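I have placed the structure first, in the form of structure tokens, so that the comments after it can refer back to it.
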């Protein structure tokens, strides 16, 4: 049925998908290429194929190498479960767990990455030179699981977010790719693409990865929308460089993440209508960025409530800024920003936290943001045995006895000038040279 | 084909899916559990399965009980049709109708709910105690149809929005569930979940239900995005309680709905970039809510234009507020709010409607909202025989002769103080104690 | 397997899907209708069916005519590649290309449209009179390719965006349709629907079409969300008329497009959290529109950087306004708008460009928009042989030596009055009668 261009990995005559799905998919790819060789006969070309991965556990020992357009790899379940929680449960309790591993259509990445060779650790490597750029490869609704992180010397291997593995690595320029409905877990890099055009990363679950989505090289006109994501403390949830016209919208990004969104050399792009939650400063970082819009987002920064991870952070001090902007002509409009932290966790001790910090550049426009900064005078440390969910929800919902935390709601460094800051804080919460910036504070009563 | 973890309900040896799909799915679930018992062999676990429901009418007489992770139930069509319109067409015309019932991959919920036992009326009951929380169950692209509402004493049974039935009921804490592409119709409760984490309710059609989506208990880090929804006049389109980090974005929610969004004890969450339409006050209700963002939404409240439903409303008076906020530190920024209603429909007669009402709490921030309040001096009641679509579109598009309606654009009650209200109305449209709130009106010419 | 309501076009006994998939699908439709005739037996009706199109090249010589509800047509790949780039590559290089044609589950529209008969050129024609409106037809994840444009007399046929072909044409009122994950390419009209209710056009790739999405007649309560789109210079990326409650959100719309969004007689609708990029004035056009919200969007207008298309534009002068509003009570809040253009490209020469223009109507509300207008003193024309991607990304990222361009950031014509313009520009950048409009400029230092 379904013609020759429909493949089921459990129904292919070469290899065993349960012991090495990589060998099976590469064999299927060879078959597609052997059958589809003509580019232009009767207006027909090489339409590609769909490779279906039913629910199941599939070890991957051989890297999948994709160099054809119009390939769709599709599963029947993103299969996320929190491996981080499990690894931080005492192992003697594992026998009582209903599930140990993620599930769905699950790829177990058994690759052994070579040191300093990022490509070697990619479960799916997409690469093709020449014209046109490889186009319309689609990844949909399966799970890529890196299984374990590795020790970095601290003796806490499963909390390092390091293992040299990548889920999907697109090494060459590509057009109109789709990544949808995936679950991507316990990989050092979830999804890494170079030179993207018209990319869609939509409605995925990419969490407990060192980094979630990285757009490297350069690119344009793409969207990262409606995802649930959260990287480890060492990496980015979303990273982009040298990009124009990127839309980051309607994502719910949770901790940890060294940053939530880190843009370097990104221009004329949008970060809108997202919900961002972080345990550290530096939630949104713009380096050498211009004419971007940050609007209608909810930012929350509080302190790590879960004991196993309280020893880790991203190393930044609290005056770095939750929003840290180097660049010109960016817009920060109509956001809600909550920072709530007990005084003893400020880093370094006694520092005044900064919420929005304009570090360098000119003519940024910051208007109509609502900043709520609070602290709790005498909060007790949570008991060490509360679950991650209970700890996080408890922290989110425990708001009694909050008192105002003194912050620099907006700080403009000397290297940044001609900015416009309107209705975002009182003058007493603003640290800037009022002679070289425009400031209108929230009026008094 | 497709390995052992792919099931088609029309191709299973136990039961008959057309007469009782519940028995069939429960039998499949038993099969999955009998085959998947080991949690950790060679890093493999219990990957779950996919159960496929092709297009068709499937009666459900037995409740489906799901207690395994990584289960995907997938159909081939959300199958919505307006049952409300049909039930309000004279029955002698039914013989001329192309379609009577919803379609697609349609589950007919024939359960007989027991009184005061909400669970008994659930087509799909998900429940599992112990650790980890049940994870990654996915419902995709089928239709759950409750068929009929029941009389509540008014002799108008199909317009009661009451029948004790629920589409999907998740009774225990759960992680990373997905509900996508579904059609959910004529149920008292569409989707009800307790203690959700990282839930995605995305791109569904949930309408003509008593309530659409209810998130009960507590929860965090979830999204309700890009849905078309509309509850009955007795229930909520979106309800959440004790939740942190909920993202409600890019939904188009239409009448009726006692409320569009009702949050109770919800914190640090977002309602952004939605389109909301209601026929009653109380579109957005925050009870005991804190630090939430309401931004870039379009609110429209007008009067019920469709004769069969004009006898019903949500019982609230017009001074309740279209946006009704009890709580502190919330943000209402950059929304458009249209209220248009003929004077004779004001409730009680002669009352001055309230658009944004801050009832209690402190330090809410209301800025840059555009409020358009209009009335029509001498509009004639529409003829009784216009179709629902014509009546609604006609009402939406008939804007001639609108004149300004006198409202309290922003009212701040005495129990709410230290709020900031900027650029949202003229001083003459603001009702508050200007000594204990900050107010900057839209300037005069 | 999969019951009787699952059809695979490659496995049907009538016709040959590779030579005429239209004949095959129409035969399948006839089969569905012959089997599904009763509307109400045991609460069952006509559930419809799913028609699966595996990856492959399928010529369509016979128009598909759909007149049943609950039909799903589903493929395994949207298959986009840039045909525009290919057609502008010298043909002697084609032999070296990896791919010539789009792919995935690809319909080749071989219809020969009759002149002045738009319907004759539609690959999929949906039409049914009577009640209820045809409902819940779903198009998912396949490719509709028009293959070629035709000469309009300029001797540059493949760049005309004219061929009389339409991908999906819905001629009669319809309810709850879904268009998802599609690729729609090289058609004069991508998707055209009349009288839509509760339509979802979500997560598609609709590009290199004369027009992308057109909502004609009238309609309500629909969404166009999370799409990648870009029309030709002659048509609209999004057009709607006489519509209430349309949500246009989270789209990334790129050039060219005579307009990005053109609303005529549209009311109480939303354009939020989009990223829009254009090479011409008239990006967002409201004609006779009322009470709409335009918020949190990123607008970029720059000059066409790709040599093959530099001879074309939409004919509008630079004082037309990037945002052009005829109508009342609309809101333009919290947008970022970048215009960057070298002086020699201004049209007509020497004109002062207009960014936001209120042409007629009253009481529009324009607040907290950030307008960045720049030019480059002595930019060299790009070499003619750079690729489209390089040209566009190069243009997006080349920002050095930008200097301020003198513009009317906001112009209010005499026919428009009682508008409110706040914090969007300096007084020197505003052209309006300050006596009949409210204006508060960005403060000075």
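Every chain is named by a letter (A, B and C) in the order it is written, and numbering of its residues begins at 1.
As a working rule, a contact is a pair of C-beta atoms (placed from the backbone, for glycine too) under 8 Å apart; a residue touches a chain by one contact, two chains touch by 3 or more.
Everything numeric in this text was worked out from a predicted model, so none of it was measured.
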Pieces of the assembly without chain B, by contact: one piece
Turning angle required so that chain B lies on chain C, C-alpha fit (0 to 180°, nearest 5): 120
Homomeric contact chain A-chain B: same or different residue positions, threshold half: different
Cα-centroid distance, chain A relative to chain B, in whole angstrom: 29
Residue numbers of chain C (touch at least two other chains): 203, 226, 249-250, 272-273, 295-296, 333-334, 368
Chain A partner contacts - residues on chain C that touch it in the complex: 8, 10-11, 52, 54-57, 59, 76-82, 85-86, 89, 93-94, 96-106, 108, 147, 181, 183, 203, 205, 207, 226, 228, 249-250, 252, 254, 272-275, 277, 295-298, 300, 333-336, 338, 368, 370, 372, 389, 392-393, 396-397, 399, 423, 442-445
In the complex, chain A residues that touch chain C: 1-3, 5-6, 39-40, 42-50, 69-72, 74, 128, 130-136, 138, 173, 175-176, 178, 180, 197-198, 200, 202-203, 218-223, 225-226, 242, 244-247, 249-250, 265, 267-270, 272-273, 290-293, 295-296, 329, 331, 333-334, 363, 365, 367-368, 420, 422, 434-438, 440
